[in-house]
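Paired with chain B in one complex and with chain C in the other, chain A is shared by the two complexes that follow.
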Partner chain A sequence: MAAALWLALGLPALAALAARLTPRAAGAVAVAGAALGAVPAILLVVAAAGGERARTGFAWLPASPELDVGLRLDPLSALMAVTVALIGLVVVLYSAGYFASSPRRPSALAGLLAFLAAMQGLVLADDFLTLLIFWELVGALSARLIAWNRAEPRAPEGAVRAFFTTRTADIGLYLAVLALFAGTGALAFGTERPEGALGALVGLGLVAAAIGKSAQVPVQNWLAGAMRGPTPVSALLHSATMVAAGVYLLVRSESLLAGWPLALAGWVGAITAVVGAVIALGENDLKRLLAGSTASQLGLMFVGAAVGGPAVAIFHLVAHAAAKAGLFLATGQFQHNRETTNLEELRGAGRDDPAAFACFALCAASIAAVPPFAAFWSKEHIAAAAEAEVAWFVLVLLAAAGSAAYMLRPALVLWPVGEAARAGAARVGEVARAGRGAMLAGAGILAAASAVLGLAGEPLADLLKGGELPSSTLSLALSLLALAAGFAGAVLGRRPARSLVEAARRGLYIEEAQRALVVRPALLAARASGRLDDRVVDRAVDGIARGGLAAARRERRLEERGIDAAVDGLARLVARGGQSNRRLQTGRLHEYLRDTVAGLAGVALVILVAAIT
Partner chain B sequence: MPLLTLAVAIPLVGAVVAALLPARLERAPRGVALGVGVLSLGCLVATWVRFDGGRGMQLVEEAEWIQSLDVAWRLGVDGMSLALAMLTAILSLAAIIYGVGPRPMTRAAAALLCLLEGATLAFFLAQDFFLFYVAFDVTLAAMYFLIVLYGEANRRYAALKFFLYTLVGSLPVLLGIIALFLVAEPSTFDMIRLVEEKPLGGAGVGATLVFLAFFVGFAIKTPIVPFHTWLPAAHVEAPTAGSVLLAGVLLKMGTYGLIRVNLQMLPDAFAEYALPIALLGLLSAIYGAFVALAQSDLKRLVAYTSVNHMGYVVIGVAAAAAGGISAQARGLAIDGAVLQMIAHGLVTGSLFFVAGFIQRRAETRDLGRLGGLVRPMPLYGSAAALAMFASLGLPGLAQFPAELQIFLGTFDVFPAVAALALLGLVVTAGLFLLALQRAFLGETPERWRALPDLGGRELVALVPLLVLIVVIGVYPPLALDLIESAEWLALGGIGP
Partner chain C sequence: MISLPVVLGVAALLFAVGVYGVLSQTNTIMVIMGVELMLGAAMLNVVGFLRYSWPEAASGSFFVLVIMTVMAVEAAVGFALVVTVFRHRRTAELDDLTGLGD
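Then we have the complex of A and B:
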């Protein structure tokens, strides 16, 4: 199975390269590559169901064998891999159509395939080092895809924001890796949390990284910015797979996070479930509405991971992935028809395009937890598990009511009941026709999956050895009640109080808070250090140099006027002395004699004086 | 065949040949320089083939020079020397390909590039302090003339500052060398013997003074905050290829000395000062990142990120020197530090090319004036993005394994330093993302719409560096199996 593990990652990567190098056939190449890449993933899940386990790796930091990198086959990794591969295949198929009229289609398809490869690496990773590598790579590739659309002026900003926010949260993963290595001497999955401060770092770090990647409170806002990327990118990265990596991390690290870290994740998830729902209720842009919904649903998965165990969280992850990706794909269809994602401008867009609307409605029903669609079952298990923690249970039910409302609202806008169909209804433009078949096929597959995936719960729990999935009459009854309340609210046009919506629309002012508390101080600090560097440190150095120069100049002056002058003066003196001496040397013997006597007398005088005193 | 001697001698002879060429052979200087670059690199690759990773210092070539002082032409390699020498040869070749000054390359430019390559190689391969010191100062002179002759507007100031600052730094190094020479029994400049015998290996006032003398010199060269201000000035004014070599290779002379001399010859004194030096490294990493964030000139920005990245190296070396570190963590820290030198050389070299390419086209490097460059110059945009992502430490690219090892090793003794150093990752991510957003993405202003994309010579200079960045990032054993610090550190008597 080692080969299948490497192929699951390698085939999409090769396909990315191939799609880039064959711009004319990029669509076919990309779909074929994604399809081929799904084969090993399916083989893996079949093998895992048959009880097979495998690990494969190689030395990466040769001096430390504990730090090898590698991939693993176990039920969780196989299940995630097959989810990623299949949803990825559908989105790539859809994208071949969606980007049909863009000259930069090869670049978009290659980006999606490269992302798929990195995502497979993330879910198949055998240890925290490998996981960290791919964790960061998906973030970077995601930024590249968000910035892909050069016609969207705010796309670069969204890309930068998304990558920067998640990378900041990834410092948590780095810290956890450092502490885990210090505590256990390795980075293997499935160890116990170390004692004391190291354990606290591991717990906090992993939860922080999960929060960042899954756009949970307080960093949920980057997801809305990421919606400026192309819609298929939003479908694959920012709803179905990459953002779900936070949930996967919690599940994968269950043994490390037991106790307070999971409780922390549960609280964050429960709060985000409600906050995301409020944001979705307040949004007037369909994609951003879906982004709010994604944060909310991921919050529910956090709760599931905290109280329900792996099977509960992963079941909702799978059900949500299919439905939410389907919603985005249908939205992309409307976007092609109307060239907008603004909800008001999309009024009646569903009626213009009933096939796309059918897909939208099916997937929306699943997210809204209408029985018997997939997410109804998975959410039910989360609610039942949350009964143990009353506060979470209440928040989960509130989120459930919210999801019913925020899904029905756009549906009613897309297909306004009671309004007459517009004249000349089907306004499907030239652009929209190109690639329409592939797009509808993609959305349709996911809608069908959303209808039937409810049956997957039990087998999935068996595979993950999760035991019975929690379920209770109370939570079932209350969930249905929440559904009814949510629908009623949406039909009556009730939306949360304006201030709440406004707050939610602005991301609970967290963006402002982040800017005021983190970004601005950081930039100020940067500017201050820049100024410090130029005006103080550098000037000090120049000052020392200047001081040296000034000293040298003083020295020179001293040299010229002082020492040099003294030397010159001495020389002159000697010269003068020499000249006057010359007068002495006359060659006349009697004068020499006189001088000698005078000299001797002088010496005698000196000796005399010395003797007396 | 004395491959190491050839690797050093070919560029030095080449420098003389290039300088003496008749003026009418216009293309000959570049040809000579290219030949020198290729042959010298070839000698080192051949050395790599003969190199035995498990043996520490080896392939020593020795010839008597000044017998009475035990000065000799001693060249030899261990993993660190060979890795850095190869980095030097690779970056020198890239610099020669791109060239400095007017085209075709003048005799002076070719001679200076050859001289710089030869002196730098001599420095990294020297196992004799006399040669080590001479090479150190010759690189200074060569770089000084490269900046003064081919630099930008304010080049005289920058070149003089660079020269004086580093020269001042080299004086305490000279004092330290003399002290080690005098203390050794019998007196010697033989670095291999000094590493093995460690005449000042213990603690004590003498060892501490000698340690500090070397440290100041190497701290200026690295540079460690607050001795770094020559660096942005020199980089901004230096010609593109000069910046590539200055940041890519010459900075490593500081950290190489820190490992070779301070760590290997003066281990106990270093252990005493490990924490303060780790803190200075941390200061460099954080402060460098923040100052870089404030820059709008792409070259200055890259220059300050060098302060940040070399700060990580200093942290790793200091952690390895600390007394309480485990053998495994020490190996990680030093492996990481040496790999970071190599990775940073490749990455920052690429980034200075990136800055130089746009300077040549747009005659500005101001991020505020540039914009939307990826549209007219897609190749350039991809190359710049790759280099920047490598510099912010993205996995799959060369700096990630290096920095990760430094952090893993450092966390063992100085957990708080390692944890705080992670802050640098956030800031560098922010500053490169902002730079990408401002200069490369978004609307393309009218005046940049017709900029030509990268041409042949630029690609030939840059692409090999980028390929190496990816290859080392994906499969670091390629470099780490060569570096193999455990072998030479143990041979030097450090650690278990």
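Then we have the complex of A and C:
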């Protein structure tokens, strides 16, 4: 199985390279690569179901055997790997169509595949060192994907914000890993949290890293900024990869987080579930609405990880991944048709493109927790598990009502009931026709998955040894009530209070708070240090420069007086010699002859003297 | 046969007469003739040494013949120059011909 582990991560990476090198056939190469990459992932999950466990790796530092880099096969890693691989395959298939008319298609497809490879490494990692390496790779490659669209002037901003937010939270992971190593001397999964301050650092750091990657309160805003990326990228980032990494980290390090860190994660998740729902209710852009929804659903997963255990959280992760990816893929279809994601301008877009709308509706029903779709079951388990903690239970039910409302609202806009279809309204455009088959196929597969994945709960729990999935009549009844309330609110067109909507649009003023508490002080400090720089450092540097100039000038004067004077003197000497020689030149032949004879006589004398002596 | 010192002595005498002529005469033609005398002295030396060192070698005689031809050419050119200068300046005195000094 070791080969399958390496292949699951290596094949997408190779496919990324191949897609880049064969620009003409990039679409086929990328889809083939993603499909081949899914094969070892499926083999892994089959092997894991058969009870097989495997580890493979090599020494990172030969001198420290505890610092190994390796991959592992266990139920959790296999399940995550197969989710990532299959969602990735569908998104790549869709992207081959989505980017059909873009000259930079190979770059986009290669970026998606490379990102998939990094994510596979993250979920298959055997210890915290390997996890950290791929964690960083996922962050860096996601920024590249978000910034892919050069025509979108605000894409780099979104990419930088996503990168910096997750990067800042990653400091927590670094601290946690270092503290873990200091406390236990190893980086393996499944150890106990060390005692005292080191243990606190491990707990806080891991939760902070999960919050950052999964866009929980208070840093949920990077997710909306990441919407500037192409829609398939959003689909991938928001479903099985990137944001899922935070939940995966919580589940993977459950033994390290037992106690207050998990409670902290649960509180953050419960609050984010409601905050995200409010944001989604207030947004007027379909993609940003879905971003708010993602934060909310991930908050529910945090609650599930805190009270329900791995199986509850991972079940919701899988169900949400399929539905959310499907929603984004359908949204991309509408975006191609109308060239916008603004909800008002998309009015009636579903009626123009019924196939895409059908996919959208199925996935939205799943997210809204309409029985019997997948997310209904997974959310019900979370609610049942949260019953033990009344505050979380209330927040989860509020989020459930919110999700019902914020999913019905765009559906009603896309297919306005009771409004006649506009005559001559925009049909499927020229741009949209290219690659339409691949796009619809991708969205359709995910919609079908959203419809049937509800059956996967029990086998999944068996696989993860999570025991019985929690379930109760009370939570079931209250969930259905919340669903009905949410739908009623959306149908009646009751929007939340204007101030709430405004707050949601501004990310609940969390961004403003961050700006006031972090950005402005940082800018002030920067300006102060800039002034210090101007006044003290620059002056010193200027002084040094002035000193250098003065020294140079002195040097020059020395040169003029010394070296130049010597050269001039030599020239004068030669000139004087020439002047005096000129006097010999009289033109009288007799004088020349006299001098010649005298010279010859002198030479003869010398020879004579030499001969005698 | 005349001995070598005698030949060398005659040549030295001839050379001295030539030097005296070059230094004492003021007429250009006389100076040129002094130069000819010195060349003749040098030639006499060459012939003398050849005769006593390599009596069988014919190349020395040819060398002397070449020098004699050069002397004749030189005298002809020199005299032609002097005649031309005389026509222009109405004088052939060396001390009047100092135009190269300026």
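The working rule: the second predicted complex is superposed on the first by the 520 of 613 C-alpha atoms of A that agree within 3 Å, B and C clash if a C-alpha of one lies under 4 Å from a C-alpha of the other, contacts with A are read in each partner's own complex, and residues count from 1 in each chain.
We take it that a contact is a pair of C-beta atoms (placed from the backbone, for glycine too) under 8 Å apart; a residue touches a chain by one contact, two chains touch by 3 or more.
Here the structure is a predicted model, which is why all the values come from computation and not from measurement.
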{"item": "Touching partner for A:163 - first (chain B), second (chain C), both, neither", "value": "first"}
{"item": "Partner chain(s) touched by A:171 [first = chain B, second = chain C, both, neither]", "value": "first"}
{"item": "Which of chain B and chain C A:64 touches, first, second, both or neither", "value": "first"}
{"item": "Touched partner set for A:140, first chain B, second chain C, both or neither", "value": "first"}
{"item": "Touching partner for A:594 - first (chain B), second (chain C), both, neither", "value": "second"}
{"item": "Which of chain B and chain C A:24 touches, first, second, both or neither", "value": "neither"}
{"item": "Residues of chain A touched, compared between chain B and chain C (which is higher)", "value": "B"}
{"item": "Footprint overlap on chain A, where chain B in one structure and chain C in the other make contact", "value": "none"}
{"item": "Complex interface listing, chain A residues touching chain B", "value": "59-64, 67, 129, 132-134, 136-137, 140, 143-144, 147, 150, 153, 155-157, 159-160, 163-164, 167-168, 171, 174-175, 177-179, 181-182, 185, 201, 522-523, 525-527, 529-533, 537-538, 540-542, 545"}
{"item": "Chain A-facing residues of chain C, complex", "value": "19, 22-23, 31, 94-95, 97-102"}
{"item": "Residues of chain B that touch chain A when the two form their complex", "value": "161, 164-165, 225-226, 228-230, 232-233, 287, 290-295, 328, 331-332, 335, 375, 385, 389, 394-396, 400-401, 404-405, 407-408, 411-412, 415, 418-419, 422-423, 425-427, 429-431, 433-434, 436-437, 441-443, 475-477, 480-481, 484-486"}
{"item": "Parts of chain A lying in touch with chain C, wherever the complex brings them together", "value": "585-590, 593-594, 597"}
